Amino acid sequence: MASLGKGRIEAFSDGVIAIIITIMVLELKVPHETHFADLLPVLPVLLSYVLSFVYVGIYWNNHHHLFHATRGVNGAIMWANLHLLFWLSLIPFVTHWMGENFRASAPVASYGFVLLMAAIAYQFLASLLARHDGTNSVIAKALGKDRKGNLSVLLYCAGIALSFVNFGAALSVYVGVAVLWFIPDRRVERALAEVQAVQPNGNGL
Amino acid sequence: MASLGKGRIEAFSDGVIAIIITIMVLELKVPHETHFADLLPVLPVLLSYVLSFVYVGIYWNNHHHLFHATRGVNGAIMWANLHLLFWLSLIPFVTHWMGENFRASAPVASYGFVLLMAAIAYQFLASLLARHDGTNSVIAKALGKDRKGNLSVLLYCAGIALSFVNFGAALSVYVGVAVLWFIPDRRVERALAEVQAVQPNGNGL
Amino acid sequence: MASLGKGRIEAFSDGVIAIIITIMVLELKVPHETHFADLLPVLPVLLSYVLSFVYVGIYWNNHHHLFHATRGVNGAIMWANLHLLFWLSLIPFVTHWMGENFRASAPVASYGFVLLMAAIAYQFLASLLARHDGTNSVIAKALGKDRKGNLSVLLYCAGIALSFVNFGAALSVYVGVAVLWFIPDRRVERALAEVQAVQPNGNGL
Amino acid sequence: MASLGKGRIEAFSDGVIAIIITIMVLELKVPHETHFADLLPVLPVLLSYVLSFVYVGIYWNNHHHLFHATRGVNGAIMWANLHLLFWLSLIPFVTHWMGENFRASAPVASYGFVLLMAAIAYQFLASLLARHDGTNSVIAKALGKDRKGNLSVLLYCAGIALSFVNFGAALSVYVGVAVLWFIPDRRVERALAEVQAVQPNGNGL
């Protein structure tokens, strides 16, 4: 097996995702005044920070599950992973723009666009991992027909379209997709549990 | 056991906490002048940085002990952990606001509020870990009735209330809770030592 | 063998590279206006971010492969590694300067200069690792005559020279070198695979 | 042995040190103009960045060696480690102040003061580690009478005093101490090598 270990790609991804999720808090500008009312202008930025925190948390969670079920990585997987990290790294930028202008089409649509590209990058990474492990592998079986992933892509497109009509509806769609993914990917957990039942010393961490 | 390994959740938390603790130093604005007296306006920000550094250090310390005694994690634990990290990530924001306005009620109360929410998030995470490991587990026994945690929650509430009366008293309460937690959680260490005495090849790192 | 383990030098390098690759996104200034056209001034900075993201990704990839094939490190290797990280840490600075002034000679030449110094630092690190492992080691054989590395150094020099004549040509050279390195170093992967075929319990991760 | 594993304290320290060493580059303000001459005002900040990069690199190197020779940690060691990280976290602040005002006493003296406190914190951490491992341990023997550490403390004091007389002399002292420490701590490496020669399956990583 010429494939490389997965430990370092996990550690690097954890580092990048940890920085992305924490860097967003730098966008929260401390008010110059000292009353609670002075926090009001910060509120929309804080709320979009919360939404993005949940999204980046979801990606970390799913990334964790995805690589937990994986046996090894190759060069293509490394680049697919960096591609995913690239789109995730743009989340602080669009979060800030949307947080300061959540009633405007362009920022809300841009936020959805970055989420859309990250979702596509994740699906691509997952498919490469499934191919690398073989069609009979845990991950290939677990992913199967990725209905939740496909649905998310459709919903992001709907959200982007809605942002030109009604920003509230667009934001609701983004929140809805986050709720959809809030629960980590049971398919992978279930398939792993099955495999471990058959082969007790499977590829557990 | 379908539970996931705890290694990556520890690594991710370490990353986020390391960034939070270091990012606060970016709030220390370098004076434009070049005399020691020009450092005076920086002093309150530096002192609130010290307090927050100790607090984040305490959380890292206790987080380390908590997961050291844990056998595995599940999806709910991951989200409870992210919830704790979310409140910790707001510490740089309230530290900066309080550092620049430590005589005003709202910033001092906000600082206490974020500490309160982080404490509640930590208690919730610990209770999930205890439930996951089973009521006879090391961690469940060690936590038992979490008197120090409950006392902290009460003291934060008192600190928030005091911030509307006397900012010095409120700050003293925050410093007091930090002193209370300065010593890492002996309960976990003691329970671990007992278990390791009985089962020599226990769940040591 | 008095050499130190390589685990911590990998972890530290991963941390620094993860921060470098993510910190660049802070340079993307959120527009004050809310139309798509307001993103246009951000576009050159975004494009130079993409190029630097790919470059830092290439360095991480190659760093991963380099240390994967290595058995241990010593003090000199640690400093050669820090020297590489130093030049990589200047990439966000020159990326930002070039992104805002990609039609000017000095920023485009400075960008090439930092890439050149990083390439030389990488070659020096690789040669130290090969010497440490011995001339018959996997890494020494794999690197052999480092033609791709030498070609890159020449191309960076050409790019720097071109930046005083035609910035488009200089940028094309920088993009060209990135494409050249996009595929991870097959030599190391191939040599590792050969060794693992002979010694099945080789130095896999 | 009730002591905790050292893996996570190393990972956390690596994270904090990686952020400190990289965050300093954010102080390098990109010039608004586009000539090489516009880099001149950045030069002193860049040079103080180089000096601090070397210093933080030295601390990481020595920290690596120190914990490599260590068997376990306890609560006091964790706090001594956080205390060291606190002083290291102030290096970006004093680096920036000195970089912009390297001809003024207060910034140059402040830089030396933070280095002095970091050196004292390191000595304290090393003594706790030696006590924890026992007087016959590798680390206790290796450290012995810490002459280089004591000399550094004296030199930092001299540098601080000199900064009120001649900033060039003070800077030379700081550079001199860095050169003194540039070579990693041979004492620990030598003692480790001796122990590993006696006990072949010693505490290698």
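Each chain carries a letter (A, B, C and D) given by its place in the written order, and its residues are counted from 1.
Here, contacts are C-beta pairs under 8 Å (C-beta built on N, C-alpha and C of every residue); 3 or more make two chains touch, one makes a residue touch a chain.
All figures in this text were calculated on a predicted structure; none of them were measured in a lab.
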Exercise. Hey, which chain ends up farthest from chain D, C-alpha centres compared?
Worked result: A
Exercise. Roughly how far apart in rotation are chain B and chain D when fitted on CA atoms, stated in degrees to the nearest 5?
Worked result: 90
Exercise. When chain A touches chain C, do the two copies use mostly the same residue numbers, with over half shared, or different ones?
Worked result: different
Problem set entry | Centre distance in Å when chain A and chain C are each reduced to the mean of their C-alpha atoms | 26
Problem set entry | Between chain A and chain D, centroid-to-centroid distance (C-alpha), Å | 37
Seminar exercise, completed: Where chain D touches two or more other chains at once, the residues are 11, 15, 18-19, 23, 26
For this session: Report the residues of chain B in contact with chain A in the complex, numbered from low to high.
Result: 1-2, 4-5, 7-9, 11-12, 15-16, 18-20, 23, 26, 75, 78-79, 82, 85-86, 89-90, 92-93, 96-97, 100-101, 104-107, 110
Problem set entry | Partner chain D, residues of chain B touching it in the complex | 10-11, 14-15, 17-19, 21-23, 25-26, 28, 30-31, 34-36, 38-39, 50, 53, 57, 60-61, 64-65, 68, 182-184, 189-190, 192-193, 196, 204-205
